[in-house]
Amino acid sequence: MTDALTLSQVKKRFGPAEIIRGVDLALAPGERHAIIGPNGAGKSTLFNLISGRYPLSSGQVQLHGRRISGLAPHQINRRGLSRSFQITNLFQRMTVFENLRCALLWARGYGYSFWHLVGRQSALNEEAEQHLEKLGLQKRRDVPASLLTYAEQRTLEIGTTIAGGANVILLDEPTAGMSLSERDHAIELIRNVTVDKTLLIVEHDMGVVFDLADRISVLVYGQIIASDEPDQIRGNAEVQNAYLGT
Amino acid sequence: MSTSNFPGGAIVRHAAVWIAAIVVIIVMPYVFTSSSSVSMMSQMGVFIVFALSYNMLLGEAGMLSFGHAVYFGLGGFLTLHAIRAVNDDVWSFPLELMPLVGGLGGLAFGVIFGSVSTRRAGVTFAMITLGIGAMVEASANMFTNFFGGESGVSGNRVTEVTLLPFSYGPQIEVYYLIGAWTIVAALLMFLLTKTPLGRMANAVRDNPERAQFVGYSTTIARFIQFALSGFFAGIAGGLFAILFEIMTAPNVGLIQSGAVLLMTFIGGLGVFFGPIIGAVLVTYMQIALSGFSEGWILYFGLLFVLMVMYVPNGIAGVIVSHFAPWQAGLAHRFAVPYLLAIVPALLALAGLVTMIEMGYHLSLAYDPSRPIELFGMEITATSVAAWVVAVALFAAGLVALRWVAGRIRQRWGEVNQAMDAQRAKQ
Amino acid sequence: MIESVVFSLLNGVLYGMLLFMLASGLTLIFGMMGVLNFAHASFYMLGAYCAYSISQVLGFWGALVIAPIIVGLLGALIERVGLRNVHKHGHVAELLFTFGLVYVIDELVILVWGQLPVDYRIPEALDFTLFSLYGSDFPAYRGFILFMAVAMFVAIYLLLVRTRVGMIIRASLSHPDMVGALGHNVPRIFTFVFAFGTGLAGLAGVMAGNYFITEPGMAFAMGPIVFVVVVLGGLGSLGGALVASLIIGLVTTFAVGMNYSIADMLASAGIAFGQDSVLGINLSRFGPMLPYLLMVLILIFRPRGLMGSRES
Amino acid sequence: MSEREAALKGAVAGLILSSASALAVMLPTAAMAQEEPIRIGYIDPLSGPFANVGDAGLKQFRYLAEKMNAEGGILGRDIEIVGFDNKSSAQESLQILREAADEGIHYVTQGNGSHVAGALVDGVEKHNRRNPDNRIVFLNYAAVDPTLTNEKCSFWHFGFDANSAMKMKAITDYMADQDQIKKVFLINQDYSHGQFISQAGKDLLGEKRLDIEIVGDVLHPVGKVKDFSPYISRIKASGADTVITGNWGNDLSLLVKAGDQAGLDVDWYTYYAGGLGTPTSLGKAAAGKVKMITEWQENLAVRYEAPELRSMLEEFEQRYSGIEFYYLRVKTEMDMLKKAMEKAGSADPQAVAFALEDMSIETPFGTATMRAADHQLMQPLFMSTFGEDYLEYDSEGTGFGWKMDAEIPADETRVETSCEMKRPTRAS
């Protein structure tokens, strides 16, 4: 069985500085994989490389065995990879419902149609309602995204990321800045919506990481120094040294 | 499931608005009967379509264009050439559908120029449209067969090939033709905002990056929106050509492009009826104000600058911001402060207008010492006293206005709190 | 042939340097504030008119010093009262603000100075022939314009490289976010830069107003072309503005001298074709289109301009 | 919250707006006279880049109307000049035409821009056809495109300035007598006016003086050239001793100034060097070198001893410092209109239009006749030179003025017309 997501010798330079220095990574289908590492290790950059936001300097990224590096973000998305952002990234002036519906449009084959009225597409609207329910945002259905609370915005961010039905999901610090109860709620949500999907998550909160992840990779100065199951990582001396301990 | 999800109510409400619009269009010539007002209202119709098409770019998709008149003007030229061809018996096509020629022309040029310009966004896009606009304007002097040189292309709209038994010679018949097209075009553009493309245009405006990560190419979404906008601009141009029976090079030029930007912005971006208000108001001002005052461009510029500073959402934005208090039953609480504001606003305005009018009178007038008639009074621009009074009026008005503005701000705060409290109760 | 080339070269460089005087202020303002100042040419016009009025009292040299300062102060005022308020609504709103400003300034100039050209003259001291070449005279005032433009470039360059303010501005050109983070008063720097930029435009007006004609249409005639220069050179790049100014100056000057059409060239190559079509149009008539064509092409293929460091 | 704050400000500004539009309606409107005056709509740019020219014309019309009213008006009625700002746009002018018709204005006059004049001729034709009970006569005081009295000629249009073809005929006639002219360069604006002069100049010179060599013929974009020195280099390289140009406004001033600065020694034959503001911006650069062909310049009043004109122009200039009495033809237009109305016994547009045909009027410089065939006024033209050596009146306070070189009698300006005039059936 091919891996869901494969990174081979991925490198990224910004001018003279090499931020990602040859990352290899493979995610099996259905795997929940977390990337941890100190600030400035290049975690977000790695996400941006995978999702096509930045071009690679060298190396290759494959999705289900097919090369996606070099494609534009929307092309990568259409192949079944979706991502969230560290800084909330929604359609601010649209309502919650519309954010979700927009996330569904391409996946449901509407393309750039200017002959369908979205209000009349009952299957589409129902699906958006279902997502709304799944996220627990029914009460906030018609509120513009910009007026949501922070936690609600983060929830919606996760919602729009998975709504299109991508089977490889990248979440960039989904629980950052949340209170404890909000965080538990978010973990539960992530667990629910990523059933049968491959998940790659960047997270600072070790609780979240060890709670969610099947496997963990540690990224330090643009290189993965360890990649293993949570328990093994916890005991890895090199990791302790580079990251947890000191 | 909340009620607004049920489309029936919304459709009924919308239909009522559209029917009302149709009634207004039908009735207006019976209210304003002179041929110049009919002509002015016809122009308003043309510019409503044009401004709405511009709003498709700036309002809906966040694309600031300084060259939208290219599609308007080229559409108009093509329409006029088509009308001439019918008059020369080279072609046969009913006059009623002639704006389609302009529309398809606008679409074609929208596809051509859009394919290069929409690859960029933001200020770069704006500069490309400026460049294309300037280029097309400059080329009007070269391709005189098409643009007719500086005297332009003229034609006779009475072609004898029509669907309905009208000649379209009389102004009023053209008015109703334009009215019908305005309704159709406006309705289509309204529906367009409800389509996947329309939604994604908004998405690309709000957050181009996110739009990419839900599977959409921002370039293609912008491009299609741009081309369709060119189509409607072309229709407006076609109507313009039928109305005036003459097209000249400035119709594709930067000044015309600037005018549509002003209209759309003053009316209000992003609210569907905003550009309609803007087109009506600006057309009226352009025609009427220039008859009242030599300084109409200055009033116009000041209005625009003040709007950018204080009312960036345009007139429609102001109206929309009162919807929520209205629905909450709190709108009446603004009555007193708003009424209070009128007095100082009028004072300041009177002072300003007096100063500007006296200034123009001094610098341009036929006889500067002769008094000017203003607000039913005779004012002598050469007298110091008049200037002192004007400046005092203006200053006093401003000071009072600041004070009232504080009151209004305070009242908004109270109303917002009351609305939050209502919401919390639900 | 050689003499016409030499003269075209001289004239092109001169026109280019005049453009640069205008463009430098615009590109500085953009680089620092991200504002494309549509009204830049209007400040240029204000400079010319102020210089005219001042020169009535203090003569040309007084005007040369005072007029740019007045224009700069006016720029500072407009930045403080208007632009700063608009800033929070984003760059498009700022662009629109300056767009509206064009109408206001242009009309105010008419209000104050009237609609006729004013008699703003070249100073007596510079009204002589500098040298003659192939029988054509080269007026001293042109030499003075060239000198001032070069001096201005050097002065701005030194200001940016040698002074503390300049360092901050330069830092802002490349890393706008950092400067605020380092604790500098960004609004005040904005005001200063806007005043400085508009003051430069005013200086260009002082220099060009008497060389050309000081009349209410001079801003509208100059506005779009300055934009072309700045975009072509790369927004925010001073060196780029210099190169682009010279290119535009030379291109427009040389295009004028082209008395052939493409069809003529084909004909001289033995191909008789297209005399009546587009190809038969004299190349010099394409002159006014060329700058815009250049701009559109550069924006499509190299959107950061010739020497710009970042895309707008 | 900033958004709400914006809304507040919005509310305030909205109020200003609404009151602004309310006030706009209350701004001054023309007071109604007890006796219905004869109104003439003046359609020219009163705002924008050409406002100065439009404004000067309006002042002159108003001044002359005032004079006429002081002497009893026409048929006992006052003349009122109603200014309309067409912003140099053909479309605006057509909109104004409708407004004028609504207000019961049956006479319009315009001059700036042949493209506007063309649109107005077309518009008046259509209007009069579609509204036979509300007709309009178009009195053109300055647009000189020959097509207006040839291919496009209309019964409702009357041209009071000698058209471009007539002026070129006069110029070349004069040049033919100047033996020192050997090499001529033509430089013109790249639009129909300039193109016409370039063509007509070459044709007519070729007919009249075979020995004159046309050493250059250049068209440049209108209003776009800031620096004319490249063109000057070309003129210089061609060895020309004479330049013909139909340029106006800045295109003329900049051209001549650039020539002066480069030490170019040629005679300039122009149409519009006397135009508003041009003498000011030309100044010394033009002295002794620039000639123009016109129906009028102020020193003619001295030369032909016309005290009435002298007192008129002096009074006018005293009132408006900065502008001059630029158009004698405006006076001719008003005088002829008066005469035609008195002849017709009414202000009915059609009757007046018929009365104007073949009408003659005496001016201090000779007879002016409105040719019936094409509605083109035939009047004497004058060649004048700008310089320190003028008779009495300098131009725009520059210290330089116009001196007459030659008179071209009305008969010699005659050019055949291709006009096929369609006249309405005359009501008996």
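Note that the chains are named A, B, C and D in the order they appear, and that numbering of residues resets to 1 at the start of each chain.
The rule is simple: a contact is a pair of C-beta atoms (placed from the backbone, for glycine too) under 8 Å apart; a residue touches a chain by one contact, two chains touch by 3 or more.
Note that this is a predicted model, so its numbers are computed, not measured.
Farthest from chain C, judged by the mean position of CA atoms in each chain, is A. With centres computed from CA atoms alone, B is the chain lying nearest the middle of all the protein shown. Chain A and chain D, compared by their mean Cα positions, are separated by 72 Å. Distance between chain B and chain C, defined via averaged C-alpha coordinates, is recorded as 32 Å.
For the pair chain C and chain D, the distance between C-alpha centroids works out to 34 Å.
Chain A and chain C have Cα centroids lying 48 Å from one another. Chain D has residues 6, 51, 55, 190, 221 in contact with two or more other chains. Of all residues in chain B, those touching 2 or more other chains are 138, 141, 297, 307, 310, 312, 364, listed in ascending order. Residue numbers of chain C whose C-beta contacts span two or more other chains: 89, 110, 114-115, 285, 288. Applying the touch definition to every pair of chains gives A-B, B-C, B-D, C-D. On chain A, the positions that touch chain B within their shared complex are 51, 53, 72-75, 77-78, 82-83, 85, 89-94, 98, 101-103, 105-107, 110-120, 125, 129, 141-142, 160-161, 163-164.
By the touch rule above, chain D contacts chain C in their complex via residues 2, 6, 49, 51-52, 55, 190, 218-221, 223-227, 229-234, 236-237, 250, 253-254, 261-264, 276-277, 280-281, 283, 322-323, 398.
On chain B, the positions that touch chain A within their shared complex are 1-2, 4-5, 7, 10, 191-192, 194-200, 202-203, 206-207, 209-218, 220-221, 224, 228, 270. Chain C meets chain D in the complex at residues 3-4, 7-8, 11, 14-15, 88-89, 110, 114-119, 121, 129, 132, 135-139, 141-142, 212-213, 215-217, 220-222, 253-254, 256-257, 259, 282, 284-285, 287-288. Per the touch definition, chain B reaches chain C in the complex via residues 64, 116-117, 119-120, 122-124, 126-128, 130-132, 134-135, 138-139, 141-143, 254, 258, 261, 265, 295, 297-298, 300-302, 304-305, 307-310, 312, 356, 359-360, 363-364.
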